[in-house]
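Two complexes follow with chain A in common, the first pairing it with chain B and the second with chain C.
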Partner chain A sequence: MTFLEFTEGPMWYVAATVFVVGVLWKVIGLVRIGHKPDIAPPKGSAAGGFLAGNIRHFFPRGLFAERTWMHIVGGYGFHLGLFVLLVFAAPHVAFIQERILGFGWPALPRWGFIVAAEVAFAGLILLWVRRISDPVMRLISDWDDHVGSWLTFIVMLTGCLALQEANDALRALHIFFVNGWLIYFPFSRLMHAATFFLSRGYTGATYGRKGMTV
Partner chain B sequence: MNAPATVDTAVRKFLDFTDADVASYLETCVHCGECAEACHFYLSSHDPKYTPTYKLFPLVKAYKRHKAPLSSLKKMIGLVPAELTEEELREWEPLVYDSCTMCGRCTLVCPMGIDIAGTIRKMREGYAAAGIVPDGLKSAAENAERTGSPMGVTLKALQAQLAHQEAETGIRIEIDKQGADYMAIFSSMETMGYPEIFGAYAKLFKRAGLDWTISSEAFEATNVGVQMGSGPLAKKLVQRIVDAAERLGVKYVISPECGHAYGALRWAGPNLVGRPFKFEVVHIIELIDQLRAEGRIPPGKKDGRKMTLHDPCQIIRRGGILKEPRRLIADAAENFVEMEGAGVANLCCGGGGGVSANPRAAELQKAAFSFKLDQISKIGGIEAVVVPCANCRTVFEDGLDEYESDLEVVGLGELVADTLADD
Partner chain C sequence: MMLDIHGKFGAGPARVAAALLLAFAMVLAIALGAHAQSSVRPPSNAVTNVTKPVGGEVPGNALGATSDGEVWGAIRHGESGKVTIPDGYAATLIQSQGQDWRLLRDNFIINYGAMLILAVIVILMAYFAIRGRIPISGGRSGKVIPRFSLSERVVHWFTASVFVLLAISGVILLFGREFLLPVMGPEAFGLVASAAMQGHNLFGPLFLVAIVAMFFLFVRGNGYKLVDLAWAIKAGGLLGGHASSGRYNFGEKSWFWLAIIGGLAISTSGLSMLFPDFAVETVAPLVGGGMAGRELLQWVNIIHAVSAVVLIAVSLGHVYLGTIGMEGALEGMTRGTVDENWAREHHDLWHAEHEGASTEDVAMAEAKAAHGEV
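Take a look at the complex of A and B:
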């Protein structure tokens, strides 16, 4: 078995399993913690608030934008760029079609990949530089924040190196780090990608119930 | 948990109060630090330790070690935090009590929508249970245990203030009227510092033909149990109001111009006593707005001063009473101007959440208030600020003295009463 066969074969299955089971375990575990029933008569809808909270926090609030512009630019750039790469990069579409879903969709042209990658890299680097330079972020960051940032950076970097699909070793290296990222995900702060809807939603539900502005 | 008793007590409470909401917050925080940019304590000091999410550290540590899903697996490979220590717990106490007014402004800026204020409230339950509480709040709690009031206001003191207001207005204020529709409660600060509020409500309610009373057994609205994080004390103080209201057979209890008292009774109340009330809780601003809408208290000549409105966090941002005060002020003030960030994003006065009852936090509070004052000064030419919360009002008056400002502070009820149309 070659290194590529290993990363795309047994290691991939283990990583994907850890990822899926871990994420489900954690999300279901959080929901199962539950709440005490609230017997105060409601003024509004908790369900509506859950949805409103999720939508509202996608957008920065104008008043704070001047103070938090670096996060807004870095955060949107990185997340949107990564999303586009993950879902529309030609090798990813092919992988999803062949290995996961059995069907695909139109992929990004090469220039689109380059633009998305540059935006994602710029965003991630901006966020990380801020993490190590801003006194607030330095104080509150821990090793998990740094490992998550670096692991994501390496996955993106090896992905770009493997783009030409001219070299099996580069492809294997990329898949190896993707697998590592998938295994690390449920145990780390990367999990925010799977739990943000709960934190926004629970706050929104509380606010909605009380008739508060989300 | 093999930890000293104090830590063990705090950790157990932390874990008890970590419901799905709090757990999702602790899992989802990405340490972006944006919350610092919304916190008046950070803004006025630029000390990173005042970053709201940092204040949650002891809770995060306990949760990740003992309750987080997958923590057992992580424990096996040494990836959970060490047990919380008493030193850490004590080190964080000033962050939890002195530098958080539970104003909730940080939630607005948080991309994950984390309710840090509500989580601090739950965290304080652990601190209170472990007996790690600022002296100012401890003595307020002792007063409340003894008299029902954090300032030790007695019935005799209330009666003296009422008699004075009755003489001023010529309107009788009836105590313990069985079967009245409404029972009003007041904060200690109103009773002792702004007794004219009794006269204002007497005037408004008489004009509206409202059948109201004050209970001799439960006239105090302040709930220091909620501020300190003591569930048992909070329950006792709510129960006192519930018992009195149900004994008098009122249909409504009027929560006063006091921020946290509304949340303590309206939202936490039924959950604390473990059953729905036999009456409704209505905030005084909602009630006055409703009476105005029904044409029962018509507006008269407006106040000509250039005015702005301070939005008390627990009434506006966390109480949802946003439009009502503005409608009332529009009828009462000729020259009303909003400050930047007015409404749900307005800055806190710096003294809520028990901070003003905690002398240790005086310097922090003063610095935070300077931000509030700057916000008002930026408008230019403001002569009076409407502050519909007795606690905020005290913070304003102390702060304005401190900064030698001649800005006037008025309560909303008084403003509406003073600008009522002639009979």
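Take a look at the complex of A and C:
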């Protein structure tokens, strides 16, 4: 068995299983916690508040927009760029079609991939540099934040280094780090990608039930 | 089944004689034909319209008075012909400047570039071994002054991160064939070179964004003043005596302008190589008065490599002084604040202006620096 066969075979299945089971376990666990019964009569819709809370958080508040421009630009750049790469990069579409879903969709042209990768890398570097430079961010960051950032960076970097798709070793290296990322995901703050809508929605639902504008 | 040659396929003496005669005739015809082909000379009485060459003309006069040697010599030196296809460069069979470019790159840039970078590393190591880390005179004061805002620090580290990635991948691409290939072998080097090329091409455009941001954030205070001349004459205090400086000293200002100009040269030349057709169509008509596209790209390649080698070499000195070479320098870029004694020693004029911001409350000073109160 070659290294590539190992990373795309047994290691991939283990990593994917850990990822799916771990994420479901945590999300279901969070939902099952529930909340204390609110005996006050509702003044608005909790469901509407859940939705509004999620939507409202996509837009920076005017009061903070100027001071958090780095967070906004870096955050949107990185997350949108990564999403586009993950879902629309041609090698990923082919992998999803062949190994996961059995069907695919139109992939990005090469120039689109390059633009998305540039934006994602710029955003990630900006966010991490801010994390180590801002005194408050530095104070609230721990090793988990740095490992998550660096692991994501290495996954993206090895993916781009293998872009020529001419070398099995580079592809295997990328898949190896992807597997590591998938295994690390449920046990780290990378989980925010699967739980952010719950926390935003919870706040929004609480406010919505009290009739407050989110 | 036995063939009955005397029956259905049989032949009488007359038929055998005819067959032998036919075979003889064929052999004779082949022999005469071969003899005729072996001679290209026209018969002595043949009439021809070919005139004898006169005055240095080439026999046949198909190419005028130019010999084959002269024709190929002209082609070798870049003489163009005519083509009817859209690609005008196809009219030039041999782009002679390509050989000059190859020799310049292989014999000059790679050899001397490697020597320059190695020399800087050796000098810095020797300097550190002799001088050691330059301490803060009088030790730390316990007070700090905000020096770099969060935006300045983020842009600095963003630029540095991209520069390091580009420098590593660029060094592999420029020097790898010469120095890594013999050590790693073709397969391993092919893998590394392929990865380096993809990474280099990907991170290249980000460097242009970083350099432009760097310019706008750091240009304040980086204009040369008369005090910088005195600093340069005293070599920053190395030749004795105190060398005054404002927010940035002569060395830092020179590094800033070198990084900006060199960075722009690297970025624009790199983008030209990433998008050669665009560069040739838009830039070639503007420079060099009809410089051919390939020649332009060869110059671009040389500019890219030379700028990169110089910037890498000088950046090593910058990194050295900013980290292990000098006590108190790095924290300005990590925490945004510097020790007051360090400020007084290295940037006395700037310190005099900001002495009032000096405080023992390090957390408050860092918060002020982050908010741009520098």
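In this section, the second predicted complex is superposed on the first by the 214 of 214 C-alpha atoms of A that agree within 3 Å, B and C clash if a C-alpha of one lies under 4 Å from a C-alpha of the other, contacts with A are read in each partner's own complex, and residues count from 1 in each chain.
Keep this in mind: a contact is a pair of C-beta atoms (placed from the backbone, for glycine too) under 8 Å apart; a residue touches a chain by one contact, two chains touch by 3 or more.
Since this is a predicted model, take the numbers as computed values, not measurements.
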| item | value |
| --- | --- |
| Touched partner set for A:T195, first chain B, second chain C, both or neither | first |
| Partner chain(s) touched by A:D145 [first = chain B, second = chain C, both, neither] | first |
| Partner chain(s) touched by A:A162 [first = chain B, second = chain C, both, neither] | second |
| First, second, both or neither for A:M1, with chain B first and chain C second | neither |
| First (chain B), second (chain C), both or neither touched by A:V129 | second |
| Per-residue contact with chain A, leading partner among chain C and chain B | B |
| Chain A positions touched by chain B in one structure and by chain C in the second | 134-136 |
| Contact footprint of chain A on chain B as seen in their complex | 18-21, 23-25, 27-34, 36-38, 42, 48-49, 51, 53-54, 67, 69-70, 73-74, 79, 107-115, 118, 266-271, 274-276, 280, 317-320, 322, 340-341, 343-345 |
| Chain A - residues contacting chain B, complex | 22, 25-26, 28-36, 38-41, 43-44, 53-54, 56-57, 60-61, 63-64, 67-68, 71, 75, 127, 131, 134-142, 145, 186-187, 189, 191-192, 195-196, 198-204, 206-207, 210-213 |
| List of chain C residues in touch with chain A within their complex | 150-151, 153-154, 157-158, 161-162, 190-191, 194-199, 202-203, 205-206, 209, 334-336, 363, 366-367, 370 |
| Of all residues in chain A, those that touch chain C in their complex | 70, 114, 117-118, 121-122, 125-126, 129-130, 132-136, 157, 160-164, 166-167, 169-170 |
